[in-house]
Structures are given as C-alpha cells and as structure tokens.
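Next up, some structures in structure tokens.
Note that chain A is present in both complexes that follow, paired respectively with chain B and with chain C.
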Partner chain A sequence: METEQNNPLLVSVGCLFLSLSATLIWGGYVIMPRPHLFIVATMAAFFYCLGQMLAAGWWFAIPPLKQEFAWVLFSTVTIQEGIRWAMFALFNWMKGYGEGVKAFLRVGAVNGLLTGFAVGAGYGLMSVLLSYTSIVGDNYWFDQSIYMPNCPEINFFVAGAAFALAYSIMHMALGVLAWSMYDTKNYVGIFFTYAWHLGISMASIGNTNRGGCVYTLGIVYGLVVLLSLCALAFSIRFVKMSKQVDA
Partner chain B sequence: MRATVRQLIWLAVFCAWVLVSESGRAKAQTQCSFDEYERLTPLEGLDKIEPFRKRCWTARTDDVGVCVQFQDRDGVYGCAQCGEDVLSSPMLFFSDAAQLIDFATDEQATSVFVVMISIELYTSAQVMNTLANNPGRIVALIIDRDQCVDGGSGSSVLPYPPVDMFSPVQPFPNKQFSTTPDSAYVWNPPGNSISFDYFPFNVFFVNDTLATFLRFQSLRFLGNTFTEQPGFPRQVVESVGQMWSCDEDANTCLNKSTCIPIGQQSVYSSVGKMDPNLEIVSVSAQFDSTAFSREDFGYGASARILAVGSVLAVAESFFQYRIDPEGGASRGLVRLPLFLLFTAEEWGFSGSRFFLNDVANFQCEAPLNISQGIIGCRTPYRPSAAFQNLNADNWLGDIDVSQLGSSNGTFYLHSLNTSVNDIVLRNVKAAFGSTLLQDAVQAGGNFPPESAQSFVQVFGDAFSSLFIGDYDAQFKAPFFDSMFDNITQLTDADYASACDVARGVTKSLIQLTYLDADSVPIVNCSIIPEVVRCLTGNFTDCELARRFVEPEVFALITDSSVPESNFPLLYQPLPVILNTEPHWVAKATFLLSYLGYYNAFNQTGVYCESFADCRDVSLEANNDFQNLQPQDALDVYCSNQQCVVTSAWFHPALGVGLETANDDYTLYKINESAPSSAATFSQSLYDSDIGICSFTQDAYSYQAAILVVGIMLWPVCAIPCLIHWWLERKRYQGAELLPTTAPKEPARSTEPSAPAPPVTRSN
Partner chain C sequence: MGKRQSVQDAASAVVSVVYPIMGCIALSAILAGAPDYSFTCVHDEQDERAALRHYRPWKLDGLLTKQPESAEQRAERYRLAHEQLQRQVAVVFVGSFLVFIVFFTFCVAMAYKMRFGRAIKAWMGGSILLVLGYNGGSYLRVLLVSRCVPVDWITFVLLVWNLTLTGWLAIFWKAPRWFNQLYLVLVAALMSTIFRAVGTLATWLLLCGLVVWDLFAVLSPYGPLKWLVDIAAERNESLPALVYDTDPSDAGRETIRSGSNRVQDIRDARPTSTSTRRRTSIRSHADDGYQTLPMTDTDDECSEVSTDPGDSDEEDTKPPTSSSLPASSQIPSSSSSSLVAVVSGQIEGRADLQVKHHLKLGLGDFVFYSVLTGTSLRSGGQLEFWVTAVAIVFGLLCTLFLLLVFQKPLPALPISLTFGMIFYIMAALSLRPFVLHLFETGLFT
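Then we have the complex of A and B:
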C-alpha cells in the first residue's frame, strides 16, 4: 500500500520563510540600527492596511468588475500609490511642527532614501502578511499540496510565496524611488514609479493563462530585479548629486 | 532634459508592457469535465481553490454508496477493508473489461491502485468475480454508478441501467432457506451472485459528477497510461473506514457486538379483533429489498414495493366494502382477514419465518405489565402479543403478492396444493378470472422463492399457500434486487396492472371472509404509485404517511434522513430502535398506521392530534387494562386525525437461526442446533466516517527541499547586508588612517620633562 511520506507542513513552513526572507533581513538590517525608522515602517504598514481597506471597499462597490483583474489591479495599485503619497504629505506637514519632529523624521538625501526604504519595507511586510500568510495560510496551512488547473507545474503555495517575495522586494525598491521623487517633486519620476508598480502587478495576469504561471514568475522576477537595480543606481546617483549640491 | 527623455522612454516601455500583458491574456482552457464541475458549483475568489485541496466524501451523507460486509454461519460476504483505517494510492480508471482483468491478474506487478470502473464493468460478472478473486493490486474499488444521460452532462438522479438485465443475487435467491435447498432450478436468470462474493477492499458507488471530478483530478498531472506508481505531484485517493468484524466469523462478531443481526419489524394487522375461533385468510407481501450496496440502493420498486402498494390498496378497498351498507355492513365476517407485511425476507425469509414460528410455537414466559397498559411479552421479548390469538390450525390459507412490475397484463398463480377442494385457490381463481390470472405451469412444480415458502415450511405442504406474481417459470424482473430496480422502471401500465391485482385480491378476500361472490370492489388505484414514491423516494415528502401517522410520531421517525433503500437494516428490540434510530422503522410505522386505520373495527370519530387525545378511548376499549389477557389487548392510536381502535402490531423480523444472548435482547448468537434452513445473517458495523478522500501529493523530497530553500534564503539575503557592513567598516577604518589638513597641535614630547629650576625669591 501507499508508503510515501507526506508532510505538507514542510511546504507551509518553507513558504513562510521564503516569502518573509527579503523583507525581514533587509528591512531589519536597515531599520534596526535606526529606531526612528522602525516607527516609520510601522506607520507605513498601517497606511498599507488602510489602502487595502479602501481598495477592498472600492472593489466591493462595483460588483460587475469584481472578476475583472485588470480593473482590480489598477484600482488597488492606484490607491496604494495614493496612500504612500498621502503618507509623504503627512510627514511633510508634520515637519512644520518644529525642530523636534524634523529631527525625528530627519532631512537629507540619505535620510530620505532610508525613510523611503523603511516605508517600502513596511509595505512589503504587510503585503506578505495580508495577501499570503493571513488569507492563504489561515485556510490551507495543513493542506499545502495544491495545484491549480491553470498551473499544474508549480505548487500553488510555492508560487504564491515566490510572488509574495517578489512583490515585497518591489515595494522596498519602489519606496526608495518614490520617496525621493516626492521630495524633489519630480512628477515624471512619480508617474514612472507608478507605472513600474502597475506594470509589475499587471504582469501577474499572465497567471490566468494555462501554464502561464511559469513565465509570469520569470517576468515578474526579471522586472523586480531590473527595478531593484534601477533603484540602487538611482540611490547612488541621488546621493552623489546631493553631495555635490551641498559642496 | 536628457534625464527627462530617458525617464519618458522607460515610461513608454512599461506602459506598452501593461497593454501587452492585458491583451495577451488568453482564456484559460478548461476541460469539459472540469467545466461541468464548475458549472454545478460556481466558485469565486479563493473558493476556486476548494476543489483542489484535500476533500472527503462520506458514505450515506455525500451521495456515496458503500458495500458492507455481512456474514452468517456459513461464511463472510460483501466488502471489507481490514487492518487499516485509511489506505491511499493513485487512482486508475478502467472502462475496458479486458484491460481491467489484465491489470488485476498481473502477478508480476507490485504497484497497487485505487481502481475506478464504469457502471458497465460493474454489471459484468466476469469482471467482478475477477476482482474478488484477485484483490492484490486493488486498494479500493470505486464504481461510477451513473451512465451519462442528457448527452453526457453528468449524473442522473437515480442509477440508470447500462444493460438490459442485471441481478447481483443468486440465480435461486434464498435457495438454502427454501423447501428445495438442493434444487438446481434457476428462478433468476440474470443472477450472478456477486452480492455473496467477498471483496477484501472497500467498494464505493459514486455519482457521475464525483466520478468525473476524481478522474479529472487524477488525469491532470499524467494521462491514464501509467501502470506503475506515477511520479510527483500526483493525485491520491484515500479509502477511509474499515469493517469492525474483519477476520471474525458470525458467532465471534455477534459476541463482540462488531456485527448485528439483519432484521427489523414486520407488520401484521387483522380486520377487527384477532379471534382464535375464526378461520384466518391472510394476504401477505414483503416490503424489503436488497442490492449490492444494499443500504443505499435496495429500492425494489418494481419487484417488491409495487406489490406493497397493491396490498395497501386492497386494505383500503376492503374497508370501503366493509362499511358499505349494501356490502359488508349488512353481512358478518365469517373468517378473519389478516394482512401481513414482512421485512428481512431477502435474508432467508426471516420476517415471515420468525412470525409464523411464533404463531405455531410461541409461549410467553413472562408477559409485560398489561395493567400498566404495556402490551407484549417480556420473556421472550415481543412488542405485541396479539399474534398468540392466531391459530395455526385454523388458518385457511395465504395469498402472497410480489413481483408485479414486469407483467404484460397477465399474472401467474403458484400453488403447491392444486386440489380443486382448496377453498382459497378456488376463490382466487374465480375472483381474478383466467385472463388476468393464469396457473403457473411452466415452473414444473417448483415453488417460487417468495414469502409463501415460509407458510409451507412452518405449516406444511397441505397449507394453502398461494403466490401471485408476474412470472411463471422464471423471474421476469430484469433488475431483480439491484440498484436499477428503482421507480424509473415503473410505467403507468405497471401501476394499472398492480391495481388489477389489488382488485382481484380484494374480491378474493371478500368472497372468503364475507362469502359474497358478487362483490365489485372499488379500488383507489392512486394509492399504489403514491406508496411506491413514499417507500422508494423521499419519505419526508410522503403525504400518505403524514396523513396516517400522528404528527409527533412522524416527527420522531423522520428526525434523521429516512433511507430511500428498503434494506431492513439491523435488528434491535423496538424500544431500543425507537430510542436510538427511530428513522429505521419509519416505513414500518407508516404501514402499521395505514393498515391499522383501514382495518380498525372502530374508527371512533374522536378528533385527535396525538395519542394523548386518545388515552381515554384506549382505556375504554381495553377495559382499563384490567382482567385483560395481553393477546386480547387492542391497539389505539391517532390516525388521520381520529382515534382508531384496531389490531395492528409490530413483530420482530430476524433470522430464526439466531437466539438471544442476554436478558435485554440486544445481543444475539447463533443457535447451533438450528437447521441449515434457519437464517443467521448479520451485518458488520463500520467506521462512521467511511468514504473516500482525494488530495494532491508532492514528493517528500520536494516538500523538504522547499523548507530548506526557505530557510537558506535568509542567509542568502543577508549576504548583501554583510557585504555592505564590511564595506562600511573598511571605509570607516580607512577614514581613521587618512591624514588631515588642519594645523596640528605642537607635538608633545614623550620624554619626561626636567624638573623646573627652583625659583629664588628676590627682594
């Protein structure tokens, strides 16, 4: 009779580690030595939840479009970006309340990048916890050997964890880019960041194609790596330029 | 400016990407089978995952039938998973008999599978016998019990036969318990005896929707071409639940209560009091049936239940004659009409044998407390005592009616006693006429295996035991005792023929009991199809039952789902059943209430909604239960919203080869001194979660690899951090070693300074 060991819990735990790895390691490395960034990241996580709540309400309000993934992604991304900008506006407004707040929020190119990264880390962590760990893990923790008809090649939860990891890295990279764009009021750059976010999110629609999950995963990771390199290059250039300005 | 242009170019590229990904989205292709499943169960959002997670379907509750092990003193039969509660394996599907036989008989192969077969293969005796005799590669057997109707759209509601005839019981059913146990005669030509084979694995019947879903799940990773264990991921089917009486003979399992006697409660009812001084003329039928998966599909619609409808129509018609001022009301009963509805007849004629044995031989050692209104016998336990007034020596004859559903308008009269002096025989022939009822001559003197056998067994060959059915030499029922004998087999012509039989039997009964040869009975034919619907369909919707059974009792007996199958289930004393599984006696209760109402010698007209409203009537009818013999007590209950005084009772139906093993009659054992013609059937108890599960399985190495990758990704992600930390550290170290351009402080000598010369004071 059947003697093959079967322990789907290994997949559950492995996927959890996989999805949270980048956010916790990189976020921890940057944020832990800088306690004020911990608060920033926490606030960002809250704002992310707020944005998701608004997006959910918006999704609920228009029943005919509930299954239109393009619309759902467009509205969700737009709201997330709007919420991040609102957070930046809030921080800016708070800076007017005196040197103490300014000292807490800190100014300067490097601090701006770090703040943007912390915001992205908060977004990324909450993205993984909400979309993967909470909804999926709650329901299917002990039943993780699931393969959907459209993607019989990859375990559904392994694919989900991989996508969650990719999007958490995306949020950190976008945080770095966006915050600097807001700071310098670079509207083209802001739209550019929004388009990156929308483009990477829309790429996931490829999952609805039969067998699309494999190449979609490749495309998303390719774009996320590209975005991360762009963010890194931009950060280095931004710091150099601000030092030249200071000089 | 250049930076802005660069940014715009990147922007354009990714806007294009967004458009491309949206327009490039293709409609997901779906297989029609999965489409079918989705159509039946529309799902949204995360619910779409539901069909692909581990799912289980329990027998009895989820439209899954199961074959259960049963045994008697001679052997063990049926289906049993033994040794393990759960067995799992990938599933193979077969629709070709030769392939399946090759698979099962391949002695070189070691891989085992859950096997699904089509309904056509199930009806092949060769296939089923091969599986029973070669079980080594089979973990469990799943039978897709439907064939595609409606152009392949999926499950029909009731099993639909793929062949012209099929019967899983013996060619001579109940032969061992008949008057000719050594006969080679074939009564049931399609009979292949697979119900009496032993399958050492679970056998499930699933509807086509579930079967299609399981096939889709199994085929989506690999085609159905593998003969060895498939790779991973793979779909695995679990067979859950084992029989409790595995590896136990009948006596052992009865002793350990891992099996319980097959049986239930028969119903008997006389018109008026059971007067021992009156000659008895009885009309009998059986209301049980069986099938390979007998708890689920033993409908017996055309072979058994149609006759029950006919007998109930007789009761109602006889009542109409009885109250007719120009009929029975102006005459007196000269003989006692007795209605007998037996159950457990498929199991060695247990109901009729047990009842008639009691009529002939029963002695109550300790009656129940009649003065408290409790009727029956305590030792040996019987729920009623009225049968003791039935005098075997005063029994004129019995008209047994069964198998009415395959006539072409003509029925056959079987009788061992063909003497022209046989009063019952003469009257029946006269009542029916030669067109409707013909002598069964082609059976060559063989008496059919029906309840009529029990009268001969108990009362002797001279007893006038008549059987009326639709066959002469051999059964005509094409699906005798099979899942296909359901209500879909019956046509309006069948109901009309059954009504003709009811008319003939009623006239016979009137002639015999009122000596009125000129009666023209009026039969309410609409009762017959209604009874068939009630007893083979959703009993809760039975209007007849709601009308004749008082509301409180109806609620009690329908507290759980009443099985559509007419398998008698398991015998326990009536008070125990009413306390634990009242729905098991739901149909018997309906039959008792119906007969009791129409056979009542006093429909009092007192309005009632429950027995509580009839308590005074009961006390008055039974003389306050003072100075009353138990067998003389009358039954009073609320039926059709009035209190009726009647004689309608339950009587145990179980194998006469069994005897009680404890004082409360809940344990039984085989009576070793009972003859081989005494039935000893019992059925195994089984795990309540018996059924099947289906889930996807990854390789264990894959599962472990995911865990390792997940854990290892953390140090991998830490590498850039470590590199950054190392670079920063180097930068700060380098910064400390670089010379500065600011003026230095004078170098301090490291030599210890010479003491200062003493300062001399000058004036």
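Then we have the complex of A and C:
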C-alpha cells in the first residue's frame, strides 16, 4: 500500500495545488484576461510584501511581545490594512497623471469591484507564497510525514495548505469589500472589513492549543465562507445601486 | 471608444512584457536548480532519494526538529565554506567584468558609428550560437543523464545542433513572433545561469555596478547608449539591438522600408465619420531615439487608417506593426539592452491616428533580472526568491509608468534591481524569521 512516505512528491504537489487553488482559478478566470487587473494585482503583491516586512520589523522592535500571539496578529493585520488603504490613496493620487494611468486604473462601480478583487488576489497569492509555499519548499518538500505535536490529527502540510487556502480566499473577499468602502468613504464599512480580517486572523490562535487545529480549521472556514457570501451580496447590491444612480 | 482602446492597448503592451520576464525568471530558477554535473544516473531507490536531495538547490534547515550534526554534515559544511571563500575571490573578476562591459559598450557604439553593423551582427550571432549550443547543450545533457534517458552522442549532437540552429534562425532571420520570443527568453535564462559559478557577494557587487552603469549609459550625455540612440536617430535607422519585441507580427517579415517608415497594418482603428482609408506615411519621433507612448491621445487624434486599400473590410485581423523600428538587429546584450523602448506610430502632420502600442525591452534586462532572482534563490531561499521577483516586476512597472510620465528613454535595470536587492535584504533579515515564527505556531494573517 502506498503511503505518503512513498509518494512524498504527490503529497507536496497536492498541497501546493490546494493552497494555490483559489488564487490560480480566480486569477486565471478574472484577472489574466484583463491586463490592467494583472498590473493592479502585481502592485498589490508588492505592497503585501512591503506590509509584511513592516510587520516583521515591528515584531523585532518589541522583543518582549514577540511571543504574544494576539499582539503579533493585531499589529500585522493593522499594518496590512493600512498598506491596503495606502495603496488606494496612491492609486487616487496617480489618477492625476493623465490618461496613461487610466490604462491600469478604471472608474466605475464594476471596475472598482474588479480592482478591489485584483488587490485581494495579489494579497492572497503572496500570503500563500510567503506563509506556506516558500516555507514548505525550502525545507520539507520531499518529506511530508510531519505532524505537529499540537495537531496530531492532520498532516502538518495538509493543514497548512488548507489554512493558506482559507486565508487567500479571505484576502480576495476583503479586497472587494474594502476597496468599495474606501471609494465611497464608508468608515463603518472600513471598520467592518478590518474587524473581519482581525477576527479571522485571531481565530488561528486556536492552532496553538493541543489538538486545536481541527476546530480552528472549521471556525476559519466558516468565517471565510460567511465573509465571501457577504462580499458577494454587497457586490451585487453595490452594482445595482450604481446602475440606479446612473439611470 | 478610441480612448478606451488606446488605454487597453497600453495595459496589454505592459503585460506583454511582464509575462515573458516572469517566464524567464521562472525558467532561470528551474535551470539554477538543475542537478550538478557530478550527479550520475542511478537506479537504486536509496540513491534516488539522495539524488532528489541533490536536485534541491536550496539550503536544508531543520525547521521543526533540530538534529545533531553528523561528521558527514560537518564535512559538507566545511566544503561549502571553502567553496564560498573561493567564490568570494571572484570579486576581483567581477570588477574585470564590469570594465569589460563598459569598454565593450563603447566599442559597439564606435563600431555602429563607423558603420560596422555586420561585425556587430556577426559577433552577436556567434554569441547566440555559443549560448544555445554550449550552455543549452550542457543543461540538456545533465537533464538526460539525471533522468536516465539513454541517448547516444550522435543523436545528442544532432539534437543540440538542430535546437541551436533553429534558435539562431528564429532570432536573426524569420520566424513566428512567438517562436522568436520563446528563444529570446530561453537565451536570456541560459545566460543568467552563467553567473551560478560566481560567488554570491560577487554577484551582488556586479548588480550594484550595473545599476550605476546603466544610469550613466542611458541618461548621461556621455553615455554610450545615449550616443547609440542619437546616432540611430540622426540616420533614421533602427538601433542595432537584441531586444524582446512584443510586436505580434512575425519576426523578420516586416516590410517597412528603410528611410521612410510606414505602418503596414493598423489593427482595429476606431471608425470615424469619414470612413475613407488611406495610405499614410509615418515619421517617428527621431529626435528622442526611442519612441514614447503618446498616452494623451484623445478622440480628436484618432481615425482609421489602412495602408492597403483592399484591407478596408478587415477588422482586428491584422497584427499591428512597428512603426519606426524595422526588423530586429542585435547589440551585445551585456552592454546596452537595458533601454525600454515604447514604439508607437504617429502620423506626420495628422493628429487623428490611433495605433497599437508595443514595447521593446532589451535582452540584458531579462538576463540580469534572472541573475538577481537566481542569486536570491541560491543564497536565501524560496521566500527571498518570491519577494525579489515581485519587487523586480513592480520596479519594471514603475519604470514604464515613469516612461509614460516623462516621455523619455529610460534604463530598465536601476529601479527593478534596486527594489529587488532591497527587498532581498529585508526578506532575509526580517521577513524570514517572522514568517517562520508564524508558521511554527500555526498563525495566519
């Protein structure tokens, strides 16, 4: 009988596809056919890296709080959201540079949603690459029989891939919501998206408990599905309202 | 509609450059991870596992469980340290390399000024044959050996010869554009792997030196690249350059005549109230050398044009063409191919032409972007690789944005390499421990 120890490559490739599935599918379906969205997604990926580096620097800056998980997540999420808002401000500023910039930044309700989605996809892709793919690829690409002491039920890399997938979907949904909130200056909505992001990130603290990864996975996926449905409903409503206003 | 078409073309043009760069980076990363030459084909399962570990170019760090170092691991560590010391000696040779680049660029500029174009082309042709034949053949041999594919040397030589000659023809003669682009990307990836033998420190120094040199060569009035561009503009000729051209028309089949640049096909021009189509000659902006993207086209500046009256019923079927730079020629990729050239057509005396925009990017950009990412992969890991690759692509987008704003020829290396190097350092020093900490504790953000 073949086990994961005899087919490490299959487990590795499977986990890789699992973690990247959402971003690849949605990226290929929505973003790749639209060159301007690809540019936006690339810029978002860059800013995500920048945000993570700022968060890392902040993590180093206060050594006593390095092991305080809640603080680490709070500061990281805050920086990520701040960077996303800074991106929005930067795009608005760039619009003043003439028609050329409008090759990448389009106006309109649907275009705004697509731009937000592209930003979220860039965030999601980089989050998977940095938090999962690169770590696994560097160290245990061919040795997949690993189980964390706190998570003996699920293979560590399968669990990591599942979490990475959930958070990539979260970023895409948050991108759609947040960008529209920034555009309409809906501060309640902005806080709402920040709270969602913080809440879903805080849910991962359950992984630090022994045997916690199972229920943490359930909670995270439940929240992500709920967030995705909210984002979908909001997008539909937003487009309808914009069409009514235009009419 | 015309404005939307124009901006869509600009975005497509940008992306048509970014995709091959990403492909080149990925290909060079794969080649950088190719098995060493010391590896030989084995069939035993245990040796196969060892062989798979040889295949991995990245460091092995004990992440979750720290194992005590064995004598074999210690010996390996000492051997790597010794090799690293030797490679650092290569810093001296890096200085020589930079001097060679500077000297050779001036030689090429002088040769072009004295109309030795054939000598330049001959040198480039020989270089491409060498890269494809020797480097490509070496990698092909290692690949075949590592996969235990039985190939005799006669077949191997024929295979390499065919691949090399096909690539040479695709680059310097006629070929479908996608084939030409594919081989250019392959050549760039192969050239970037040459720097595998150079030490990490030497490579970083080389890249820093190239940033400074590129800025001087393109922007300074005394720079050889600016000199080349000015000479080409005076003669109203194409610049001898080994460039990646995003123009979808087949390579080597452009029929633009020298001296009078004519647009062959304009695809999907916006219809105007006057439905007539007429031939129009186009004069490019010769004074700047490279064309800049006239992104301020308005509806008044658009009309539909076709150079072939018989094509008036065709819509969106003919590929756009370069308006000012005819068939590709070559310059040494080590010297001057860092210019970003945005080619567009402009009607002389007419303000109502809408054209497709396409970009030309020097092959040297591909090479050194790949060198940077390959070095970050070797010395850091996948995390540094991804961060560096994103930074490089973002730098290229910034360069293109500046090109739109300033409407001047710009070097493509400085911004991208600077971003890449800074991000690599930040990723190696701060991001990696942070991400590892989050990963170990199962935290996600």
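Everything below uses one rule, namely that the second predicted complex is superposed on the first by the 237 of 247 C-alpha atoms of A that agree within 3 Å, B and C clash if a C-alpha of one lies under 4 Å from a C-alpha of the other, contacts with A are read in each partner's own complex, and residues count from 1 in each chain.
Everything below uses one rule, namely that a residue touches a chain if its C-beta (ideal position, glycine included) is under 8 Å from a C-beta of that chain, and two chains touch if they have at least 3 such contacts.
Since we're looking at a predicted model, the values are computed, not measured.
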| So, does A:Gly199 touch the first partner chain B, the second partner chain C, both, or neither? | first
| task | For A:Thr208, select first, second, both or neither according to whether it touches chain B, chain C, the two together, or no partner. | result | both
| task | Examine A:Ile25 and indicate which partner it touches, taking first as chain B and second as chain C; both and neither are also allowed. | result | first
| request: Based on the superposed arrangement, let me know which partner A:Val13 touches: chain B (first), chain C (second), both, or neither? | output: first
| message | A:Ala109 in the overlay: touching chain B, chain C, both, or neither? Say first, second, both or neither. | response | neither
| message | According to the stated criteria, A:Val224 is in contact with first (chain B), second (chain C), both, or neither; which is it? | response | neither
| request: Could you tell me if A:Trp59 is touching chain B, chain C, both of them or neither one (first, second, both, neither)? | output: second
| Partner chain(s) touched by A:Ala118 [first = chain B, second = chain C, both, neither] | neither
| field | Partner chain in contact with A:Val158 - chain B first, chain C second, else both or neither | value | first
| query | Once the two structures are fitted together, what part of chain A is touched by chain B and by chain C alike? | reply | 66, 135, 139-140, 146, 148, 150, 156, 205, 208
| task | In the complex, go through chain C and note every residue touching chain A. | result | 3, 6-8, 10-12, 14-15, 18, 49, 52-53, 56, 58-64, 293, 295-297, 381-383, 385-387, 390-391, 393-394, 397, 401, 404-405, 423, 426-427, 430-431, 433-439, 441-445
| said: Show me the residue ranges of chain A that touch chain C in the complex, using the header's touch definition. | reply: 35-36, 38-39, 42-43, 45-46, 49, 52-53, 55-57, 59-60, 66, 69, 72-73, 76-77, 80, 94, 97-104, 126-127, 129-135, 137-142, 146, 148, 150-151, 156, 159-160, 163-164, 166-167, 201, 204-205, 207-208, 213, 216, 220
| chain A-facing residues of chain B, complex | 4, 7-8, 10-11, 14-15, 17-18, 21-22, 24-26, 28-31, 34, 44, 46, 48-49, 52-54, 84, 87-89, 112, 139, 220-221, 233, 236, 695-700, 702-711, 713-714, 716-718, 720-721, 724
| remark: Seen from chain A, its contact residues with chain B in the complex are 1-2, 4-8, 10-11, 13-18, 21-22, 24-26, 29, 66-67, 70, 135-136, 139-140, 143, 145-150, 152, 155-156, 158, 161, 188-189, 191-192, 195-196, 198-199, 202-203, 205-206, 208-210
